[in-house]
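Below, each structure is written out as structure tokens.
Look at the two complexes coming up: subunit A is in both, with subunit B in one and subunit C in the other.
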Partner chain A sequence: MKNARTVALLLALPWVVTFAAFWLFPVVYSLIVGFTDAQLLAHETHWVGWDNFRALFHDPAFVSSLKNTFLFVIVTIPITTVVSLSLAHMVNRQFKGRGLFRAGYFVPSITSMVVIALIFTNLYQRGGYVAMLASMVGFTPPQNGFLFDSHTALYAIMAMDIWMAAGYYMLIFLAGLKSIPDELYEAAELSGAGKIRQFFSITLPMLKPVALFILVINSIKSFQVFVEIFVMTSGKFDTSTAVFFVYDTGLTTKFQFGYASAAAYVLFVIIAVFSAAQFMLLRRRQPLW
Partner chain B sequence: MVGGVMRGIGRYTLLSIILAVMIFPLLWMFRVSLSAPGASIGLADVFSTGLSLQTYTDIFRTSHMGRYLFNSAFVGVTVTAGNILFSFMVGYTLARYRTLTNKLVFFTVIGILMIPAHIVIIPLYVLMVKAHLYDTYWALILPWLVNPIGIFLVKQYVETIPTSMEEAARIDGAGELSILFRIVMPMCKPALAVLAIQVFFTNWNSFLFPFILTQSDQIRTLPVALALYQGHQAIDWQHLMAGSTIAVLPVLILFIIMQRQIVSGITAGAVKQ
Partner chain C sequence: MKSKVFIALFFAFIFCFSSASAKTTITWWQFWTDPDIKPVIESMVSDFEKANPDIKVELTDLTWANGHEKIAIAFGSSTGPDIVELGSDWIAEFASNGLLKDVSSEIAPDSSQLQGWGMSTYQGKVYAQPWILGTRVLFGNRDLLNKAGYDPDWVPVKWNELMYAAKKINRLGKNYYGWGSNTAEKHRLYKKFLPFFWSNDAQIFSDDGKYCLIASDKAVYALTFYKQLNDSCGYVDTQRGIEDAFLNGKIGFILSGDWLLKRIEKEHRKINLMATLMPGQKFPGKSFLGGEFLAINAASKNADAAQKFIKYMTSPENQVKFCKANRSANPSSLKAQQDPYFKSNVILQAFIKQIALAKHPPVDPDWVYIEEAIEGAVEDALFGDGLVAQPLFEAKEKIDKIKHTE
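Take a look at the complex of A and B:
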């Protein structure tokens, strides 16, 4: 048995080492650095206490990044959830070609975000496809394209994100729908409940755990939106987000490691609080709907 | 009867419109990549402009496309192999040796899943620079060799396998390691396939860390190269879309081959809890 324990320890070793070096150490390191004025080229580093955090909330660039991040989360998450649930509902029952539709809806979400962002940069440009569609329905597209206008840029990126993620969450909802026992629907049928009633009284309540899972992972992801911002607008036109701010202050021109780490931790705390709140809200005994 | 048929037609129309919206951008990418370089492809030209593979031969000749592709493949395959081996080892240990330490380790694994990756942007950069690993393959491989989701997947799977085979082998005098790799690992193939495809996709598509941890064309991966290509001059859509198509193709092919594993990987965490 002693032998077995040694083996167990040895097996876990590669993970313990890489975990300690590349995750645990960085997480602790950046917490400490967040309280200093560390910069790439500074000769000495000073402990500055809460100064970085105080400065952040007086920094218009950070405040607007945070505002954009919240806007992103608040707009995309409800829409993505509703759209993906509707898609799942539509492709759930048996019909010819179902697999093809499922696969087609899902494909965008396994494509590289960089590639998607590039394609949409093209579609959103002046005189591009989306501008054409917009004028067809009587909406005047922004003169320089959707991404070069502070009023539309962030929303254009949000629309793309919803389009991209819908198929992914559709799959998770589908798994949830499959786990609902048929007997429930049969019983409802017998007692004369219509399709709509069944959806609200059986499907939605039974999907609660799956919906919670989706809300939590989707918001953790959305709070960290970065790649599409970097590729499509480089944070210009009022599209900078919190992670973009971390990158911009920490790893470009000034390399303010301390300040950027503090910003990263602010976002971390926000994400933690938000996730905890979602858990508590959806864990309640009474169904929310 | 007629109502049913009408409803059927209505359903297919709606589903098809959505399908068109979902795959149009990818088709557009492909179409633009197939137009002759320099020929500006407008909205009306989709059908009238001829097809050409010129852009593809161009990017392999005039850019480091071959190198980027190699880098992406090399890093992707190495990280995937590492995960199959190491996540398997850790997951197995956690499933079979149920000690207090292991339970603690397990909760740490779950804890890590919750830590948003953006926290390590700055420290990982600093670490890699200080350790002289910045702009090397090591920087793109080492931190991702074992991932918590993989450990979790393997642990769940091993727990469903009865221990009788392992015990029989032990009685026959087989060593722990040969039990692990000759008996248990082959039985875990389904879980490892799910793990492999997920890790490979994530790694292949990954941008943020490959971007901040590299700077030379020798090490950069394909998504990084594509994202930065844009900045140089007025956007050259044809070549950019050809590069994008090259980045998407392996994923699409793997998706067609391994659809089942991909789907079960995504839904594994959701339904169980």
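Take a look at the complex of A and C:
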């Protein structure tokens, strides 16, 4: 028995060592660094207590990044959820070419974000297809393209993100829809419930666990939005987000490790609180809808 | 007896081994990876090794996308190379942290032969040797100028002439633009504004360094003019996008560097090109000066060999060889600038003349923050909704905080 335990520990050791060295240590170390003035090229590092955290909330660049991140989360999550649920509902029906639609909606999710961001950068440019489409429906596109205008750049990136993410969440909703027993709908029909009533009284309550999963995962992903900002605007035109701020401050020309670590931990706390709130909200016994 | 022979053989082996390892190996990190220039660099290194059999040079390639990060991380972890190629903006950052060797005494005999020392001098000491410099000149599309009614040899020398000609080209049709205007691209936008700023005799700091003058009347006037160009006839895009549009015959004027000449040649572009000095309120105006420098790691144990190699690489002959292969227009060597390759080409002459009239940003370890403040102000002025002066005053406030100026 004792021997079996030793073997088990030995077998687990590679993972434990890797976890401790490449996950646990950086996480704890970056927290400590967040309380220092560490800079890559500086010879000395000093303990500065809460100074970095205080300075962050007086830094217009960080406040603006945080504002953009919240805007990104608040706009994209409800729209992505509604769009993906609607798509799931649509492709759950029996119709010819259903598989093609399912695959079509899902393809963006398995395509590289960098590739998609580059394609959309072209679509959004001056005289691009999106500008042409906007002109056709009577909307005057920004003179220099959607990404070179602070009024439209972040929203353009959000639209791309929704388009890209909706297919993935559609698939998860679809799995949820498939797990709802048909008997519930039959019973509802016998009781005289219409389609809309069935949707709100059966489909949505039964999808609560799936919706919770999607909301939490999508929130975390949206709070960490980075690649699309990096590729499409490099944080210019009022599109910098919290993770981009961390990257720009800590890993590019400035190398302010302490300040960037503090910003990363502020974001960590925000995500943790947001996720906990979503869990509490969706685990209530009363129906949410 | 047997043991004595063994001991003698052992020492003979140690002696042979130590003489074999007496060859000094110097490591050099550099940015030239283009297939046109890399073989030339390698052949220069090979020639140097032949002439100096006791020195071996190990090359490591960097890219502009992440080269600065790699260098900083290597120096931060004490694993930097013996010689490193640095962009002019980075010298103060590394020098102020004691990471570069002070080469003031070694370079004294060379100092009058090379241009660009100002960019590698920090607090009175020289930390790097100028290699290949870079400036921007005004490029124009001669065909569009002719269409707009200008003589075949006309060039704008004053700002109002530039504005008038750009507007005339802009009126040629829907797909024509007078001026190529950079969008908010990091490390690029400010380089396009500063030539106008300096051409109007504006300064970032006062001569004694006590005052930040970024929001002076001259600075506001320069930014106002730059914004007028942008608003009235600007084609706004990334540097690459502007150059594409210019080479496709859509834009009348752009401010660009010698890399554009390389593109024209390599892509076989047919463009009736005009290149001239930066227009000013008084002609000629001033342009932006930057460049590539070779510096020695302060912790290098092979500093003498490194200095020998740098001297070799920056020699007039090698600079000409490099410029020919890379189509660079700005060798730092004054002797190299006299080579027929530069003398016989009108466009290259514009670069050579402009470099003598170009200014570089202050050599300051906080430049990255100052640059961010200036670039933010230009971005806000060009693409924001407010007044031109306001962002410059905000930039001044930021710079005052960073540098404790007034």
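Definition applied: the second predicted complex is superposed on the first by the 289 of 289 C-alpha atoms of A that agree within 3 Å, B and C clash if a C-alpha of one lies under 4 Å from a C-alpha of the other, contacts with A are read in each partner's own complex, and residues count from 1 in each chain.
What we mean here is this: contacts are C-beta pairs under 8 Å (C-beta built on N, C-alpha and C of every residue); 3 or more make two chains touch, one makes a residue touch a chain.
Since the model is a prediction, treat every value here as computed from it, not as a measurement.
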Looking at the overlay, does A:124 come into contact with subunit B only (first), subunit C only (second), both, or neither?
-> neither
Which partner does A:149 contact after superposing on A: first (subunit B), second (subunit C), both, neither?
-> second
What is the contact status of A:251 with respect to subunit B (first) and subunit C (second): first, second, both, or neither?
-> both
Now for A:43: first (subunit B), second (subunit C), both, or neither, which partner does it touch?
-> second
Does the superposition put A:236 against subunit B (first), subunit C (second), both, or neither?
-> second
Larger residue footprint on subunit A, choosing between subunit B and subunit C, goes to B
Check subunit A for residues that touch subunit B in one structure and subunit C in the other, and list them.
-> 251
Sites on subunit A touched by subunit C in the complex | 40-43, 125-126, 143-145, 148-150, 234, 236-237, 251-255
Seen from subunit A, its contact residues with subunit B in the complex are 3-5, 7-8, 11-12, 14-15, 18-19, 21-23, 25-27, 29-30, 33, 87, 90-91, 95, 97, 100-101, 103-105, 107-108, 110-123, 127-129, 132, 163, 166-168, 171-172, 174-176, 179, 209-210, 213-214, 220, 223-224, 226-227, 230-231, 242-243, 246-247, 250-251, 257, 260-261, 264-265, 267-268, 271-272, 275
Subunit A partner contacts - residues on subunit B that touch it in the complex = 11-12, 14-15, 18-19, 21-23, 25-26, 28-29, 32, 42-43, 86-87, 89-90, 92-93, 96-97, 99, 102, 105, 108, 112, 114-127, 142-143, 145-146, 151, 176-177, 180, 201, 204-205, 207-208, 211-212, 223-224, 226-227, 230, 235, 237, 240-241, 244, 247-248, 251-252, 255, 259, 262-263, 266-267, 269-271, 273
Sort out for me which residues of subunit C touch subunit A in the complex.
-> 68-69, 72-73, 75-76, 93-94, 97-99, 183-186, 236-237, 241, 368-369, 379, 383-384
